[in-house]
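Input: structures, listed below.
Note that chain A is present in both complexes that follow, paired respectively with chain B and with chain C.
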Partner chain A sequence: MTAATPAVQRPPRPKRSLAVPAGLLGAILITLWAASEQFGIGFDIAAILEDLSKGSLILTEVLQPNFAFFPRTIEPMIETIQMAIIAATIGCAIALPAGFLASRVTAPGRISLAVTRSILNVIRALPDLLYAMVFVTALSIGPLAGILALIFFNIGVGAKLLSETVDAVDRGPIEAADAAGSTHVQMVRTGVFPQVLPNYVAFSLYVFELNIRASTVIGIVGAGGIGNTLNAQMGFFNFNNVGLIILELFILVFVIELISIQLRRRLT
Partner chain B sequence: MIRFEKASVTYPGGVHALRDITLQIPDGQMMVIVGLSGAGKSTLIRTINGLVQPTSGDVTIDGRSIRHARGRELREIRGRIGMIFQTFNLVKRTTVLNNVLMGRLHATPSWRSVIGRYRADDVEIAMQALERVGIVDKAYVRASNLSGGQQQRVGIARALAQQPKILLADEPVASLDPPTSHVVMRDLQRINRELGITTIVNLHFLDLAKVYGERIIGLRGGELVYDGTAAHADENVFRDIYGRSLTADDVLEPVPAV
Partner chain C sequence: MTATTAAQVAARPTPPSHVKRDIAILATLAIIAWAFLTIDVRLDRLIDLPERLWSLFQRMFLPPDWSYIEVALPAMVASIQMAWIGTLIGAVLSLPLGFFGAKNISSGPVSNAVRVFLNAIRAFPEVVLAVVVFVPIAGLGPVAGALAIGIHSIGTLGKLTAEAIESIDSGPVEAARATGAPTLAVQRWGVLPQVLPEIVAFWLYRFEINLRAAAVLGIVGAGGIGAVLSNTLSYRRFDKAGLAIIVVVIATILIDQISGYVRRRIIEGSDRKAIQAEVFGEPGPDRAGR
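What follows is the complex of A and B.
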């Protein structure tokens, strides 16, 4: 069968843009530069493999957790979970209004948008470890400093994730609320909040999970929880005990992930 | 009475969406606006509740200017004007009842809305609105689980819950199939007749406009080019409004030539 003569001529294929290969090449060159001995940090895979063999001694001990140490990890582990829950609850509660203020869609005005975004950028720019150091210095060693550090960390993460979700909501209900004579707060509450609620719950659980992990790092500077124990055991070179703590953290994060998957499935 | 006095709308890009519209819509009328897409139908409807502000001229409702209304006054005017949308504009993740209760926002203090506790009276009004469009059995169903026609009826119930004096409908049947389109148009007609609510509907299907419009106005390029009864609006009139001869796409159900 012969094909019918097309009525309209097909357009010629547009020339391929060189932007993608050029960008890829650029990324490779920059990475090589950063890794080079002459200009960068001297990233050498052979040397790493050699050093790793020295580290394997530690690794074998970590992989053989000392379960006899378990009773002594219970209390700090519970403290870590408590810190993570308190900080996630307070941090995400603050992140909720902050997230709406930081989205172009729900900000009441340009000035408040710019101010909220600047504040959140500063909060997010500082790492959790730095917050912990500041609060440990200001308040003394202990879980309170850790909780405050985690709260700031949580506000930054939670508000960022929420505001980006709000940016992408369906604008239809917003128009409907406006047309019905709602106030700005009513519009956000009835037209936008139900759209982002499942995401917000998922973020909050993610933030809680981040807190469990972050607690190991902030414990190093004395901000309470399992991190303190972990740091002490590393200091004593008790890597079997370190191995147990890591195993417990792994299980804990895994369980939280399972719970969060279940909750998200029910909400969406 | 809605009164347009030499109302014009020019969008920031320089597009003249409405030019010098002078128009009076008496209380209780069912008016249909026809015109090609881009003729200014949506803009005209949105100047009535101030979603779009006229750049010159004025629009008044019962003598109150919408143009200079701000804040509380604007919300109060909007509270008495219900609106129905082409894409329904429902919050799909929440219940039908919650969507209809949005129609009570203008009469609800903000703190009540924030904690989600509506007055029992307002819930009753919302339920009655759902009864009027015949889907009260779906009150606690998620809006996303409804068909297109049912979703548009939720949209109508939301507008009715405002207990409005005016009902605006922007292409209410453009996303629906022909039988459902008639159901929704009949709902609007019934509301107009039984409750005496001034109803203004944008349509691009001319046969629907003739059947349901008491009065038809035609827009072309932002200008008012026809204003008359549905009986008067024959093929020549529509040809003039559209500025071209009519095609099968201009009617919902092409009538076979006998």
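What follows is the complex of A and C.
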């Protein structure tokens, strides 16, 4: 039979990979474990759906912002912007050398690469709020604690983004710089830095935007800015005022996003 | 010889103007200077900061209260579970929204409306969502945290899903249509297989981000490791807080490594794509050539 029709010779079917069903099964098991009453957080959809209407109680107040509160938000809002600018400037300035040290392409040696990466992993593993709590404990409440917390947060994010970009640069200019007999620093300066500069500026803008978003969280533990005001208003159950603050933050982030999209378009 | 050189010199284009760039740099510097000079900060506190931090460090880690691991570890596990359930909620709800938000799948007005909705969700920080909406629904505890994380995640995940769908190859979609497949089948066989690896990688990346958010939510009553950190620090039990910090660092790095490994198995170079999507709001430019 096969000899009669030699023209149709199908390639063998690829072997079915077990990775996908195994991954799916693993995900389902983790979900059941995490949602269970006994071992997990006790996630009960029926109960949530039953109480869903309670969610609208406060939400309706938040969606009716109290514009009379606006004058009292101006000063903390400016403080938030200042904190975000200062932290982004210092954080990204530190993230620049840290990012080069943490990339395989530009690290001067294996040991320094491993050490920088480990330090950055630890810095990134701690949530922004924890930095805020620690600095508030060390310095008492106020914007200084918030700025320091944001700086650490920014070093983690900025260095990670930069090192990933440096990993993917075109190797040509590096080889050219090496061939011309440049030192390591000269090679980084002339072969790599110009390639990643537009991205670096874009990351800095992104980090600034993240800082504005993070300000709500930072302020909850007393580290200054609009988050302080937000937290106080939530504590007083003044949810109309909370609504106004959220609206202001939304507009602020939206405007910053528009500006940075424009700037990034010109850069890249 | 001299003639050609002169001609070459004459033909040389004038160097491009740097005025705009210089103005932009000056403006940026001016804004930074304004922020530094006008902020109301007590800089004298900075002088003894290293000393204070060192003493705090000593009280936290030299040595930490190792016995406290009985409390910190289960709390960390609860935070991880909160992040996982939250990410799952975000993933399940964002997938259909991503289809409705993609311009090549749904109609213009629908996709615009969905985009606006996704952006509005992103404006509500998790902490505010938890306090305002989900603690009243689910009470204090990790369930409220998981719901807050889930709803907040819809914003980013929906946007990324929509953008991934917009950059698909239209061939399989047309092929499915040509066979007379109904709309839902076209999505299932023409669209989903193309975008699913990328979307699953985004979900995992979001899980890593949500793990950090879960720690934050503890201080507004969502339980988990955040509650432990907040309590130990406010009662100044620094050796216990130190141990909790160690648990957070080790657990987070471990999960980042596992999740990152799985993501790289799913799509090559997913770290860069995820970051690209996060920063520039679009899956990496290298997709365009596909």
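Note that in this section the second predicted complex is superposed on the first by the 252 of 268 C-alpha atoms of A that agree within 3 Å, B and C clash if a C-alpha of one lies under 4 Å from a C-alpha of the other, contacts with A are read in each partner's own complex, and residues count from 1 in each chain.
Quick note on the criterion: contacts are C-beta pairs under 8 Å (C-beta built on N, C-alpha and C of every residue); 3 or more make two chains touch, one makes a residue touch a chain.
Values in this document were obtained by computation on a predicted structure and should not be read as measured data.
In the superposed pair of complexes, A:Gly142 makes contact with chain C only, with no contact to chain B. Annotation for chain A, partner touching more residues between chain B and chain C: C. Once the two complexes are laid over each other on the shared chain, residue contacts for A:Pro173 go to chain B alone; chain C is not touched. Shared-chain residue A:Gln195: touches chain B; no touch with chain C. Using the contact criterion defined above for the overlaid structures, shared-chain residue A:Pro71 touches neither chain B nor chain C, since it reaches no partner. In the superposition on chain A, contact of A:Pro14 is made with neither chain B nor chain C.
Look at A:Ser182: by the touch rule set out above, it reaches chain B but stays clear of chain C. The contact sets of chain A with chain B and with chain C never meet.
Chain B contributes residues 49, 51, 74-83, 85, 87-94, 98, 101-103, 105-106, 108, 110, 113-114, 116, 155, 158-159, 162, 168 to its touches with chain A in the complex. Residues 170, 172-173, 175-183, 185-186, 189-191, 194-195, 197-198 of chain A are the ones touching chain B in the complex. Contact residues on chain A toward chain C in their complex (touch as defined above): 19, 23, 30-31, 33-35, 40-44, 47-48, 51-52, 54-55, 57-59, 62, 79, 81-83, 85-86, 89, 121-122, 124-130, 133-134, 137-139, 142-144, 147-148, 160-161, 164-165, 167-168, 202-203, 206, 213, 216-217, 220-221, 230, 234, 239, 242, 246, 249-250, 253-254, 263-264.
Across the complex, chain C meets chain A through its residues 24, 31-32, 34-36, 38-43, 45-46, 49, 52-53, 56, 78, 80-82, 84-85, 88, 119-120, 123-125, 127-128, 131-134, 136-138, 141-143, 146-147, 212-213, 215-216, 219-220, 223, 226, 229-230, 233, 236, 245, 248-249, 252-253, 256, 262, 265, 271-272, 275, 279-280.
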